[in-house]
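One chain, chain A, appears in both complexes that follow, with chain B as partner in the first and chain C in the second.
For the complex of A and B:
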């Protein structure tokens, strides 16, 4: 023991030494073990989280094309302005940044300043700015030498080049590019893709670290959709619906669905009025806008939300309606399929029918009654009593069986969000006698328009209930097809025979029955009208109706089904034939040539298919002859010259096919005169035949849209007058026995 | 023998002269002897002290451990400081290391020089240095506020903390007074009162700065020295109780508590999201330590030093050490420090007189305490308070002070009864 110490001092020194060793260094090392070994990973993760700055690389959302690869929805590059306020060194810079950004981005300065003062590494200031605004920000950064703190993150913005076109089908995306409605929503997972990441190491002031650390996970762009929708057809649907809405003052939107009856491809689905997909949150309807304004301040947001919901709603799949007489094609299918009736089965209509003892009588739309009629006639007359009787013959059980079979009790499975369920009388399918009576002509149960279109397709295509679809193909960013929608038959509901017969029924109905307003000559249109009273809903000016028209073309080999449906027309008529018929006709007239469907005219139709006489003066005789023959006209040449010097009738006069055109090769050639025959009291085709036989042409005037039931009543040149051969005589026709609307 | 020794110690305390004890060593057959005047002594030092000597030289383990720690410390200071220097000193990455190197050289020179200096002369300096310490502590209160505290005195280009002097002054004066009053340490008048007075005044002045970390070190050092000096444990216990009561009072009832309390909150929850509690430094330090794991990211590869840890060259340098070198090497550094303390205490315990023992233990314990408290702060074992890490943290005057103190311990080691290596 050293002499300078005592034992106590020695001991106490040792104690201090031990205390320093164990309490001091021992605990220190224990803490390091705890922090570095046990909590190391956690702490390291937290450190990495702050050191590595992820930059999200947005995936480009897939394009939505129509069936001809015309883009309907596209994504373009935009930028999101992000503030990394933690990297802004001082309050002066923060002030400067807030002022600059608020000016460029047109934001409230104080709000931006507040965000700048909060210490954060990621605060979104504004989303989706265009490249010109981005350039301004970059310029601002350069001029003020701001190296970090403002970040521009690449993003994509959805553009809809056609605005409100096919809005219900395409849908739109929200701020995070997520699909909110339509196929944008339904196929969101396919369209979205996977965003990538760019990871870089940053120091605490946000500039890059001197050592290299960069890792990139590239974004996987979304898949594109090819719709079965044809932009041209969709355009026709929308254009004609708009016209119908304007003409008949339709207040509650209108729907038109065109579908390939065999494949279930939806070629067009229009819901009007639409909304601009580029600005889906703007209320389009002026009445709705006023209504929202009338709400108290705290209720406005809710009212607006409801209005928007209504605006975005795809009425074709999300709303139900009572199909009315259109449904008679289904009831008729039941009768024929079950061999309960044939087209010749007799029915008697006295204007009303008591469906069973003690019930209130149900009136036919023709109050005087249709009298004795065949089943086919009853179909064309859309006679309610006849169909009540047929319904009773089918019976409630069978009726529901078919109802179920035609797919009215289930969703069609169309690839659109928000498909609604229909409402039947009861959940188990049982129905009372009155239910059965009204159901047989399509009343008191609700279905969706798409269900009706699919059922009509089944009626027309041989009885096959197909699954409708909007998307034909999904293609990946490299253009490879990753999914194709195949024809999907859910079941066969009726036989092909029955289907064929129904097509004939529908065609006859369109040609000369209640659906005449939808007829297009040459295209063998079949159709059925429907006018439904909206039960429990009546506006201030009387009852509300739904006017619909559902038909097929061509009836001999159905290709497309078209359902047109106007909810609550307020402009005079509300009948399906009057309101929806012309739209149907116009659409078919536009679409069928586009689809390349061959025209086949009946004699009657050929006549009214007048063609303007071509201008032939000055052309050679052979040339003129060729031209006329191509047009189906009969050339008669006088004179021996090589060139045509005059023609009868003159260029531009519309004459029926097969008409005579007289060509003179010299001015002074002898003119053969003919006598005008009697052309009154004839059908158009007979009048034409008579005229052609006499060497004159007729020019048809009057309402004979489909040539059925028209009789000539007047002729412009009296019978017996001598005229030059080929002269055009205007004959006026008038349609008699106007068939009644249902 | 024991009686003889005590008599001599008392004589010495009255004469304030160290020569006798030096002469005493001759009996042990040592080769050196001391004259009775300064001139003689100077000659004697030149003659008798060999820089490296198996028998009478300084203690090689202590010397080399110090040098090793200093070298590692400089390397790590360079690594930890260059991003800060790069970003804040106009791209001059060598800003901190350049200055530190110069001070380190000066410090080593001072250390070696002091190791030749007979520490008994310090008896005479004890009281003047203590008075100087008090004066500086008062003076510093009139210095401009830096980081909300009065802690620095600026002398031209050199800034220094008077509390560095204070720590030394306390150790020296306690060693001085205890060694001359060793026999009477049991009494209140000689064993408690002077120390209580010195410590109380110092603590009060430090508290005014405020410099809590230094206060803690001073209190712990004084306590330790009085304990070794033989104070009756009941006094010791009483002072401890009073101190605890005072601290409790400060924390609970004074307005200083806003400063302290935020730290306590941050200590309990370093990842707190409470914006009123600034835990940034602690949190970033912990991230760095955790990131190091077992083996570390490699020398120079710390990420946290990139401006995440504020001033990584100062108190939190050890977190960068942990991050770059990993647990194993960090633990080795701690073990080196422990060895330094161990060796220093062993040297002191075997010093040839009580003054040497007390002074040596006090000085080396100061280094040890600073290391331990620094590690405790960095690892968030205790609330954050500013304590620098000896040999590592940036700070020229403090490094020179530190090396000088080691030099004194080395001087003690020359006459210590050790098995020289």
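For the complex of A and C:
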């Protein structure tokens, strides 16, 4: 064969080969360029979406603690039961699953079966189940060999261990763990963490391939809040408010706020008529429930929504009221600060006052008039004419200046949602002469309870208007403090000297004036009562009132201010001193020792002080007699034995000095009885004498600071009842010349 | 043809008789002892080296695979234990909440008063003690 032919053939072949290769690869390369460069980004994203599974990792919501780090609200892991009905192979399995799940989750079987029959990969059966229920479901799956079709998805649930405790302050969260009221809502951004992500590879069927690819971005849990609220103080407020609501049939909730006058820390904020934070959508008030039921079907939902809004409302910051005579401490500060009056300035009260020519007279609560009195006496008498005169001396412009200075024209800035502002006569502060007259004793304008508490704190702490706050600290999940609430003084309203004088006024008022019911022996308490007519807001029965009491303690160096406020008491009395005073007294009796404030009795207090009966059972008769005589008690011995076998009253029961303690030295003498005498309508000393003469003891309750004017109104054991000798009968006293309208 | 006999005008060699050498169609068998078919002599050191190297490679690959398996198993264990920890923490919180709700101050007070017949501490039972604040000095430093 010729060489030239071979080479040519080779060359031809090579050429064709090259051409084919170029054609073939060229198309491939062109396609590659199109896919990689032009469509590359889109295709990469599609591949990622298809090949990777993105699972959200929920962040745990932060905890809410009280000031002593006691958890008031915290989240825990729970599960959502999800049915993947598309994976259930046949109807028999679906029936089995529906039966099992409905039994464990306490649901209607037909509803579950209906969901099981759908061809779905994700149907929620029940949310927020706890670990015991989850374990039952897992056991059910194992027992019945159900490998797919039921999935448990992790979630969080918010727990409130103490139910309705501090419900208005703490608030609650919704289904998606978002805060809907209270501190949960106000600090929602801090409490909510940042969700994490778990990205895993998945195959064409959708199953995870964690060993192929897995990347986790951990969730960042929410920050926690440390409140200034003290759980113990809050408990005292709520307990005593409940008692007051029951005793005086209060129909429209009650509020108590205790605040540190120097720092603005809110130590307790109780709104009774509260609700269980674990079940916020349940209506608590039975009357409200009945009312909703009476609505037609189409109106029920709206009625329920309105009822819930009312239930969740924080009355302490969101509702306004007319402060009444409690506001007189503010008017008094104006007069003293402007040097218009001193404590000895004379005023005359004839029972009413015509504020200006042509006006109708405004009456004092004492229709006969207080007569001539010093300003200090007028304050203790809560005399309206005296304060009208003082208001006129101050003048409308100056009055509004102080009104504004005490913070009544602006919100306090407390860290709670829904804070309202007060309502004055006009937006620019202008007042007519009648407006000035009634405003001087706290009528016809409205403020919020928190505004009143803050103003009272300013009166007590040297004149400084402090900003109140509920949250003391914010801490991160590792316990590091990221924010602290410091004392914030907005301005000084009155001088320290005026503040000191007002504290003395308030202290005297609590000892000898209209605020006697709030007096606590051994403590220097200062207070002012208020009885306000709900003008324009009264119910169908007629006039409704708000009974309030605002006080400070200790009056010589104030640390706390307490405002107690009952809306519409319907049980016998509506006066601030009668309704709110005992609550104030009881709260202070509980709180002041807890705060470590020492009791210091004056000599007059020691004289009328009740003494606890000592424990004498088992002692010899002579020993027991000596002990009792040293304490100023009278021993009465029955039986001829040498040893005391029983005593009446029992150890610990308090009786006045000179009270009788019966000592039994033989079992058969224990049945001796005496009849309880009439103890109503007597002064404390007469009541004690009568009781001792009859062989019983009395335990004194009520206004009894110095006994003046106090008369017994109630006895715990009825007259004529046969009781064992020495039995203690509780006698309640009330002050006779208590102001009836202030 | 020798150059002497060459005629430059004519190539007389073309006219000479060409004698064809007939080759014998006898194929010679290769010698058994031929050098070309002799087995190569293997170097034992080389073999040893190759074997050792192979074992080492196998060992490394095996170790890597084993480590990966261990890592995978440990990761799975860690994930499983972490999951259990989260669940346990959840159970702990739930139980703690239940305990706390049964130990609220109102329940405790109610139980103490009504069941145990206890009464509140009397102020007379409290004795306040004043503690001396101790010696102290104030150091003034103008630099601060």
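The criterion applied here is as follows: the second predicted complex is superposed on the first by the 495 of 742 C-alpha atoms of A that agree within 3 Å, B and C clash if a C-alpha of one lies under 4 Å from a C-alpha of the other, contacts with A are read in each partner's own complex, and residues count from 1 in each chain.
Keep this in mind: a contact is a pair of C-beta atoms (placed from the backbone, for glycine too) under 8 Å apart; a residue touches a chain by one contact, two chains touch by 3 or more.
Values in this document were obtained by computation on a predicted structure and should not be read as measured data.
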item: Touched partner set for A:532, first chain B, second chain C, both or neither; value: neither
item: Touching partner for A:688 - first (chain B), second (chain C), both, neither; value: neither
item: Touched partner set for A:44, first chain B, second chain C, both or neither; value: first
item: Contacts of A:583 with chain B and chain C, given as first, second, both or neither; value: neither
item: Contacts of A:75 with chain B and chain C, given as first, second, both or neither; value: second
item: Partner chain(s) touched by A:173 [first = chain B, second = chain C, both, neither]; value: neither
item: If touched residues of chain A are counted for chain B and for chain C, the larger one; value: B
item: Partner chain in contact with A:507 - chain B first, chain C second, else both or neither; value: neither
item: Chain B and chain C footprints on chain A, overlapping residues; value: 211
item: In the complex with chain B, residue positions of chain A that touch it; value: 2-6, 8-10, 12-17, 20-21, 23-25, 27-29, 31-33, 35-37, 39-44, 46-48, 50-51, 201, 203-205, 209-211
item: Parts of chain A lying in touch with chain C, wherever the complex brings them together; value: 71, 74-78, 130-131, 154, 159, 161-163, 165, 211, 231-232, 235, 238-239, 522, 593, 598-599, 611-612, 652, 654
item: Residues of chain B defined as touching chain A within the complex; value: 1-2, 5, 83, 87, 224, 227-230, 271, 286-294, 301, 303-304, 306-308, 322, 326-327, 330-331, 334-335, 337-338, 341-342, 345-346, 348-357, 361, 365, 368-369, 371-372, 375-376, 379, 381, 416-417
item: Partner chain A, residues of chain C touching it in the complex; value: 72, 86-87, 89-94, 96-98, 100-101, 104-106, 109, 119, 122-124, 126, 128
